[in-house]
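See the structures that follow.
Two complexes, one shared chain (subunit A), two partners (subunit B, subunit C).
What follows is the complex of A and B.
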């Protein structure tokens, strides 16, 4: 029982971080990035090639994070240009279609060029006891990193001038313009940040189980589910939704069966949005 | 200080205001009066950069600002308070005042001027904007604009949705700001209030300037009296 909850929390934290990168970009600019998982996978491949080239694991991870940031920037400068010329629903729809197309291309290229490659990061040392539950060292380190990153994000949004500016754009874009904030610049920053988050998700995921070249869509789908449950555009919602769904997944997997856990997860997501269409902490439109 | 010449603007290629020209001198208070739908909001949105103009030019302190995006125009010293206010509902009063000064840190002196002017805001620094009353929201919108230390304050119908007593209070605050040397441009349907504040005014009808003159002249004008002052 306790083990199930701890497992669920560890998974939930990663869900939360995964969703944060997607939900912030959506909340800020109405851009739904369905190539988010592929950003994570490409970053993972950069880490892999770095390790292959013998630069060492930590520098390779650094390269992966930089790759994530660059991917976010490229996404902003190229694919999203036509998207920014539209407003409202038409913007969401176009961003969704274009990023889905990009996702297919990246996925196709990677599975053709590197079909059997995957990134695993081994953390030295045996399992550890956390509150009386034996956890693999990889899970512990991954959860630790995730907690630190989530805490840093929280501090950024709550307590810095930049965070206040970002929140103001989420709240009212024209209001933000009237105090001298460029929503376009904030969105670019957010996309770069979301690329870095995708890379961190890939690295922490690789500490727990291999990240293969075809993991992209799975990551995007989980990010979407968590985002919808937590409320589009809400950072705290992504966190809560992630933890909740992580625990549900963990219970389903240990008490009912692994094969049904995805079904149960989707069921829980569906019930949440039936009861609260805007998600746990979403803004009502 | 502000020189608008031949400005046309609208939505989806249909102009709502046509070839509008007017000016505001430094230290003046100028009103644009007109009924609902006359084009006041469209005109002000085009000046503030929230709406892209289709023709014409706006000069502010000798520089062309037409064509600049809204966030750049604010930094030139033109503060705009829109009729819909565009506050950030889930953020606190304090957040708004800090954001008003963005990207600089808020100037303590400006902060104390704003809080002296609107003591209600000082009592509610930690309260979220969405939970404020209409009058308080209007104060916050003006306070936020003042935090950027504007040279010119442009207000679109500051009395929208306010009870008569609060509307009068809003104009008392504007009169006080004028006393401190701030230049003010205001669009208003509640003409008597705006008239008491302003030196000069323009009458906007169907998107064109129909009349102009000092507030005293306009108050004497029989057409203005009939249409805007409720006198026969």
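What follows is the complex of A and C.
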């Protein structure tokens, strides 16, 4: 019982981090990035090639994070230009379709060029005891990194001038513009941040189980589900939704069976959306 | 003076000004029959090649998918990202009812179509009732797609299974199954065409152009949306069921999101969203293109992705309507001011 909860929390933390990158971009710019999982996979491949080239694990991870940032910037500079000229629902729809196209381009190319490649990062040392539950060291390190990153994000949004500027754009784009904040620049920053988050997700994920070249779509879908359950555009919602779904998943997997856990997770997501269309902490539009 | 009246009440119909009050069915029937006639010639020069005939049958199945999706997305703006899943409900439903429950073939296909239709209607009803926007409808239906595929993997295995019923009948031979699927395409087109001409079509156009205004004008938006989803999902289910019968097996991959939905979206975006014959032209073009690119393997996915981006960026109305309106503009070299005003400026929201 306790083991299930701890497992669920560890998974939920990763879900939360996964969703954070997606939800912030949506909340800020009304842009839904369906190529988010592919960003993570490309970063993972950069880490993999770095390790292959013999630069060592930590520098390779650094390269992966830079790659994530660059991907976010490229996405912003290319596909998002026309998207940003639209308003409202038409903008979300166009961003959804264009990023879906980009996702398939990346997926197709990676699985054609590097089939069967996958990144997994081994953390030395045996399992550890956390509140009386034996956890693999990879899970512990991944959860630790995730908690630190989530805390940093929280501090960034709550206590810095940049965070206040970003929140003001989410709150009221025109008002933010009036006090001299450029929503366009904030969105660019946020996309870069979201690319870095995708890379961190890829690295932490690789500590638990291999990240293959075809994981991208799955990651995007999980991010999307967590985001929708937590409320599009809400950082705390992503965190809460991630933890909730992580625990549901881990309960379903241990008590009902692994094969149905995805169905139960999706069902839980669907029910949440139907009861609260704007998500747990979402703002009603 | 009838012309002047038509201009005064000119609608924003895509691809030309709609003439007033021509109630004859000829403008609808002739293009559909023409499509039928052209496509019915295909088996003659595809000859005896079983491979090519199979590709052609698959193309027709996708043409039906595209018409069904067009009715749901193009006519009423509901982004259903579960085209493959609804077709799969038809395919798996019919196969399971016939093989496992021992029903005769035709009732099991009919029942599967009804189930698919009800599932589509339910999704739409939920989306309308909870007033989910385009995006949320897309996400909810995407979740449905994944759930369906997961369930299907559990009950039928990763490789799917062979359908016992219907083996040895005409369904499994190439040319008759081609004509069966062609018939299906034409029926779907006819249904869509008739809907567009009726008061329902006016309702569709009104709610697509401006939902709030339509609601205020007394159009029951919810009912029209659900109706479109019911009919469109029935088309998808029937196409899925018949396609599975002609292949003689059902498998998760033939209803997968990446295999079906993406391609249907490309076909529709190419042919023109919301037009009558666009989906068919898109399906023909991309069946041929897909066949030419067959050696590329996984790179086809790259091409599809690039096409989605290019189409929605540069020709959001669809390639065929864009070419069409360019041609008509050239033909009417000197439009009178009033005609100019009547030429529709399509609102650029996909």
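To be clear about the criterion, the second predicted complex is superposed on the first by the 285 of 285 C-alpha atoms of A that agree within 3 Å, B and C clash if a C-alpha of one lies under 4 Å from a C-alpha of the other, contacts with A are read in each partner's own complex, and residues count from 1 in each chain.
We take it that a contact is a pair of C-beta atoms (placed from the backbone, for glycine too) under 8 Å apart; a residue touches a chain by one contact, two chains touch by 3 or more.
Remember, it's a predicted structure, so these values are computed and weren't measured experimentally.
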{"item": "Touched partner set for A:56, first subunit B, second subunit C, both or neither", "value": "neither"}
{"item": "Most subunit A residues touched (candidates subunit B, subunit C)", "value": "C"}
{"item": "Partner chain in contact with A:182 - subunit B first, subunit C second, else both or neither", "value": "first"}
{"item": "Subunit B versus subunit C as contact partner of A:144, first or second or both or neither", "value": "neither"}
{"item": "Touching partner for A:168 - first (subunit B), second (subunit C), both, neither", "value": "first"}
{"item": "Partner chain in contact with A:127 - subunit B first, subunit C second, else both or neither", "value": "neither"}
{"item": "Common interface positions of subunit A, toward subunit B and toward subunit C", "value": "none"}
{"item": "Residue ranges of subunit C touching subunit A (in the complex, touch as defined)", "value": "79, 126, 130-136, 138-140, 142-144, 146-147, 150-151, 154, 258, 262, 265, 297-309, 312-313, 348-350"}
{"item": "In the complex, subunit A residues that touch subunit C", "value": "32, 79, 82, 89-90, 92-94, 96-98, 100-109, 111-112, 217, 221, 224-225, 228, 259-260, 262-263, 266-267, 269-270, 273-274, 277, 285"}
{"item": "For the subunit A and subunit B complex, residues of the former touching the latter", "value": "161, 164-165, 167-168, 171-172, 174-183, 283"}
{"item": "Subunit B - residues contacting subunit A, complex", "value": "48-50, 69-72, 74-75, 80, 82, 85-91, 95, 98-100, 102-103, 105, 144-145, 147-148"}
